[in-house]
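Read through the structures below before going on.
Heads up, the next two complexes both have chain A, just with different partners, chain B and then chain C.
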Partner chain A sequence: MIEAVSATVVVLGIVVFTLSVIIVVVRVVRRTLRRRRARLAEAPRLALLEFVAEGGTEGAEELIALPQRQWQAAEPGAIALLGKVRGEAHTALVDVFARRGLIEAERADLTHRSRVRRARAAEALGNLEHRPAVLALCALLRDPHAEVRLVAVRALGRIGDPAAAVPLLDSRATADPTPSQLCAQALAQLGPEAEPALIGALEHADARVRVTALDALGLVGSGALIEPVARVLEEDPSLPVRLAAANTLGRMGGRAAVPPLVVALGVDHPDPLRAAAARALGEAGAAGVAEALAGLLADPAYRVAHEAAHALRKAGPAGLAVLRSSPEPHAEEALAVAGLG
Partner chain B sequence: MIDDWGRLAGWVRTGLGITDTAIFVYFVLLNSSYLGLLLLAAAEFFRHLRRVPFNGLEDLFRSPLTPAVSVLMPAYNEGAGIVAAVQAMTALRYPRFEIVVIDDGSTDDTFDLLEREFDLVRVPRVVPDEVPSRGQVISVHVARANPDGLIVVRKVNGGKADALNVGINLSRHPLICMADADSVLDPEALLSVVKPFADDPLEVAAVGGVVRIANGCAVVAGRVVDVHMPRQWLVRMQIVEYLRAFLMGRTGWSRLGGLVVISGAFGMFRRDQLARVGGLAHDTIGEDAELVVRLHHHLRERGVAYRVVFVAEPVSWSEAPATLRVLGRQRTRWHRGIAEILRAHKGMILRPRYGRIGMFALPYYVVFELMAPFVELSALVLFPAGILVDAIDLDFAWRFALVAYGYGMLVSISALLLEEVSFHRYPRWDDLGRGFVAAILENLGYRQALACYQARGAWQAWRNKKQVWGAMPRQGFDTVSS
Partner chain C sequence: MARVLVAEDDPDIQQLVMYKLKRSGFEAMAVADGLAALAAVRQFRPHAVLIDVRMPGLDGIELCRELRAAPDTAKLPIVMISAQGRPQDRELAFAAGCDDYVVKPFSPKELVERVQQLLVEVRA
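Moving on to the complex of A and B:
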């Protein structure tokens, strides 16, 4: 009996003691490493900031001559800096990376066994805006690890090569797709040459691709693209896609966006779409929306009437005039809020 | 006659021996399941931490595509902390959101404090009935300086679920964040819980966030700036329990695709889906968890592809009960909620149609959550009885103590270790030591005391006892002037 008690207490004691030692060791090691890294990175960090502040005219040689350990400690900061600076400072910093042999190293890392190395390399090449890496980055859109795909999307957006448009859109149609919003933003960064691919994607069989293309078109904001988006709003079989089309037209704005949105207000459309169209009309900021929205203030669907009233609130004097002349409670509500502004 | 007594005593001894062995096996399985969830959480945390440098939160903040959010804060007699909580919400780093505070018939100065602090103006408002609500809306107010950003609704008391339903009806944006009025969110919290929706807008149905305990922490300008262990051991033990059960347990369940609980203190939902399932249920006390189970139920029945996601960081900080009496009321309520949810959705249990939720998560909740307090309390009675009547020997009793309590300590300390490796939110050495002691003490008295309250909660659910709003006396945050 006493042996059993002793064994129990001893086993428990050993386990508890071991875990407590591990916790203490983890804390000590983490803090030591952090201090060491901060100490090593301090001087290069200041040199980098001065270099960028000077527009890259002075200090390049010092950065290239930095010992490897010091550069490694400062490299994450340098890569982040690449993503924040533009113009001559960016070009000069890219040159520092190239002369340190880092661009080739990062390209080699795109196929590294470690997913973290692949993701870091993609991030760095994106910030370096290194066009020759586009093909390899497009291949990373099919990487088995989501974090690598995510960074590849962002890098392709930063580089801005329209050749990435189709691979980016296709990456939304896989079993484990790339993030929708991030993908739309990257697509919008590819410039006008990517627009045909975006318009073509509006007829893609996968609703996720159509939504992403619509979001990207909304960010591009070109009035010339309204017609294909209006067609999606009218004809697409998926309600979420049609809602995205309404939002896109609202973002594009302008006079040409109004007629298709007014059509979508019709009672033969689902209420969520009518409400989204009313909201989009408010955001479009075009003249002539007040009349179309006025009739919705008495709509039996709450969301439709509510969005119409608040769209009128944002539609300038004509919208406010409609609200003032309406006896509907939604108009009274929107006017009260407008009076506070 | 003596033979009969002897035979009866033999049966009792045999019965006690079998029961005690069953309890022993139960504790082995229970603690092993905790350890398994902890290991899954460890894998998930490392994956999350590796992603942090390139997680794209900055892109999300800058993007015009980022969906707008309505943050719902139901409040009932929250005068002690409501102003700090709303200030913290308004200071969140997020491009477009509105805060809807629903004052559910408070009898203290909750509304007066808000009115004074935010210069509220009463406005006419049409209140829709997309999701059912009982308590009539008395008035709607907006902040004069930010009419689209802060709305305060006064309504007749109807309970937390009712308050949230009114909030859903009055909210404007496509995503709904539910947060407690005594909570302080980390500045990036909204961005983090919205991110899964932005990444996968068609399939993500709900996202749960982590709730940590704010007692003892310093709050400046609505942000937790100095994380500290509180003075009370009762709260320290809750901190360890939250780490083990909520942070690591729910992360593990999320990894398994079987998350059924999203805390009402911090969760995000799609508004259209909330409207479709009728909002929160009035007839259960665990309305937050019930909503998630109902979403699973509804989406599985419709055959819709969907995901319920859990994000481990950043977090919502919430005040925990500082006295055993209040803690007991809270745990009675929580366990009653579990019992009611399992009863309401018993049709999902062990039905392949409901996938991992029906075949795995809900059966686990029946066996290792609902039944746990009864087994815990039974062990406290039956083991001494077993020893007294010689049904079990002392060797077995010590093995049991090792498995039930020693193994429990091991799991709690492992949770602390994982916290230290991953998020290390408690930077002081003395806090680390206190957490360590709390992890040991949690298994010696605290757990058993909670079992009594939990058993009472299950009993109340069984008896259909009338529900009451889960009010908790607040001390407010340790607010430091900025």
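Moving on to the complex of A and C:
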């Protein structure tokens, strides 16, 4: 019995020792490889920085002629650099990638079985602003891995092709959707040609799509789009969608945004919507909102009165005058905050 | 020779901007965080500062406010660099006192031209 226990202890000891040695060896090898890669990358990295700083006027041939091992070590840095510059520097760097045959390699990697390779390729093609890859990147919006979808959304925003608008919006209507704010930012980067798709999405059956379209319209901020957003605020059956519509009107701002928001302040609407409309009136920065908000300072719904007071704080001299003449605690609080600013 | 301080924690952007500034005839110094930038402003006495909004220690917005609050740097030309291009981000930076706001990704050539333009306006 004792012999059996001793033998087990010895075997376990050997196993633990062997595993420890393997872990140490793997770590040392990895660190050595990382250092070697960093050493290999240092010279091309400096050459890339100088090339980009000079707007690609000198050094292109040297970068194209770099031995493959050196380029591979420097490539992650080069892809990151593509995302940090624009203008002539970006164009010149894209040309180096193209002449090294890397664009086709990245496109092939979009369907690679490794999710890391797919995500890296999506990032590279986004930073390269490579429009021919838009369809393939749209397919990645349904990738089984969330991180790949996320990189694809960013890449599509960076490329800015309006053809990506509908796939981006549809990616919000799946069982595992892309993040709403990230998607809205990407949609806003697609430019005015994507606006019809955003307006069309306000009729989408899925409320998440409608919210994302509204958030994107808020980021675009065009006053010409107020009418369809106002219709959503008034008619949409979903409260979260109506809240998003109120926020969007606040971001769009201007005089035309005021009337639908004032209507949404009415007591026949849910309190969260009335509070959102009050906040949006403060954001809208339009004249003439003080009168509509003044009556809400004594509202029995705490959130409505609170948002109305802070909207008045942002509404210029007329709003501050209303707050000073009010005995309500929300008005006092808003004036105190105004004093801090 | 005009002196420019670059406060930027991204080594690529820091080196890129330093290289471009030096090639354009500026004397340039770089730091990687806001607190180091405050100290460097006293020592290096720059004619303009480029500040990244997101930095460790003291962020770009706070650094900008600190520089504007001190009498000797209250009028120092400040260019903010940020990955955030939303109107509210710009408003926050201008409210903190910056003179110009450049969104990443940017053109190094354009950035240096904007610094040159600011220095011309200050001298005028």
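A few remarks follow.
Here, the second predicted complex is superposed on the first by the 326 of 341 C-alpha atoms of A that agree within 3 Å, B and C clash if a C-alpha of one lies under 4 Å from a C-alpha of the other, contacts with A are read in each partner's own complex, and residues count from 1 in each chain.
Here is the rule we use: a contact is a pair of C-beta atoms (placed from the backbone, for glycine too) under 8 Å apart; a residue touches a chain by one contact, two chains touch by 3 or more.
Everything quoted here is computed from the prediction, not taken from an experiment.
In the superposed pair of complexes, A:Q72 makes contact with neither chain B nor chain C. Greater residue coverage of chain A by touch, when chain B is weighed against chain C, goes to B. By the touch criterion defined above, A:R86 reaches chain C but does not reach chain B. In the superposed model, A:L219 makes contact with both chain B and chain C.
Contact with chain C, but none with chain B, is seen for A:A53 once the two complexes are overlaid on the shared chain.
In the superposition on chain A, contact of A:P329 is made with chain B only, not with chain C.
By the touch criterion defined above, A:V151 reaches chain B but does not reach chain C. In the superposition on chain A, contact is made by A:S20 with chain B only, not with chain C.
Residues common to the contacts of chain A with chain B and with chain C across the two structures: 219. Touching chain A in their complex are the following residues of chain C: 10, 12-13, 15-16, 19-20, 23, 86-87, 104-110.
Put simply, chain A touches chain C in their complex at residues 46, 49-50, 52-55, 77, 80-81, 83-90, 219, 221. Residue ranges on chain A touching chain B, taken from their complex, read 1, 4-5, 8, 11-12, 15-16, 19-20, 22-24, 26-27, 30, 76, 115-116, 119-120, 123, 147, 150-151, 154, 177, 179-182, 184-185, 207-208, 211, 215, 218-219, 240, 251, 272, 302-303, 305-306, 310, 329-330, 332-333, 336-337, 340-341.
Here chain B touches chain A in the complex through residues 47, 50-51, 53-56, 59-60, 63-66, 121, 123-126, 128, 130, 142, 144, 147-148, 172, 198-202, 272, 394-395, 398-399, 401-402, 406, 409-410, 413-414, 416-417, 420-421, 424, 429, 432, 436, 440, going by the rule given at the top.
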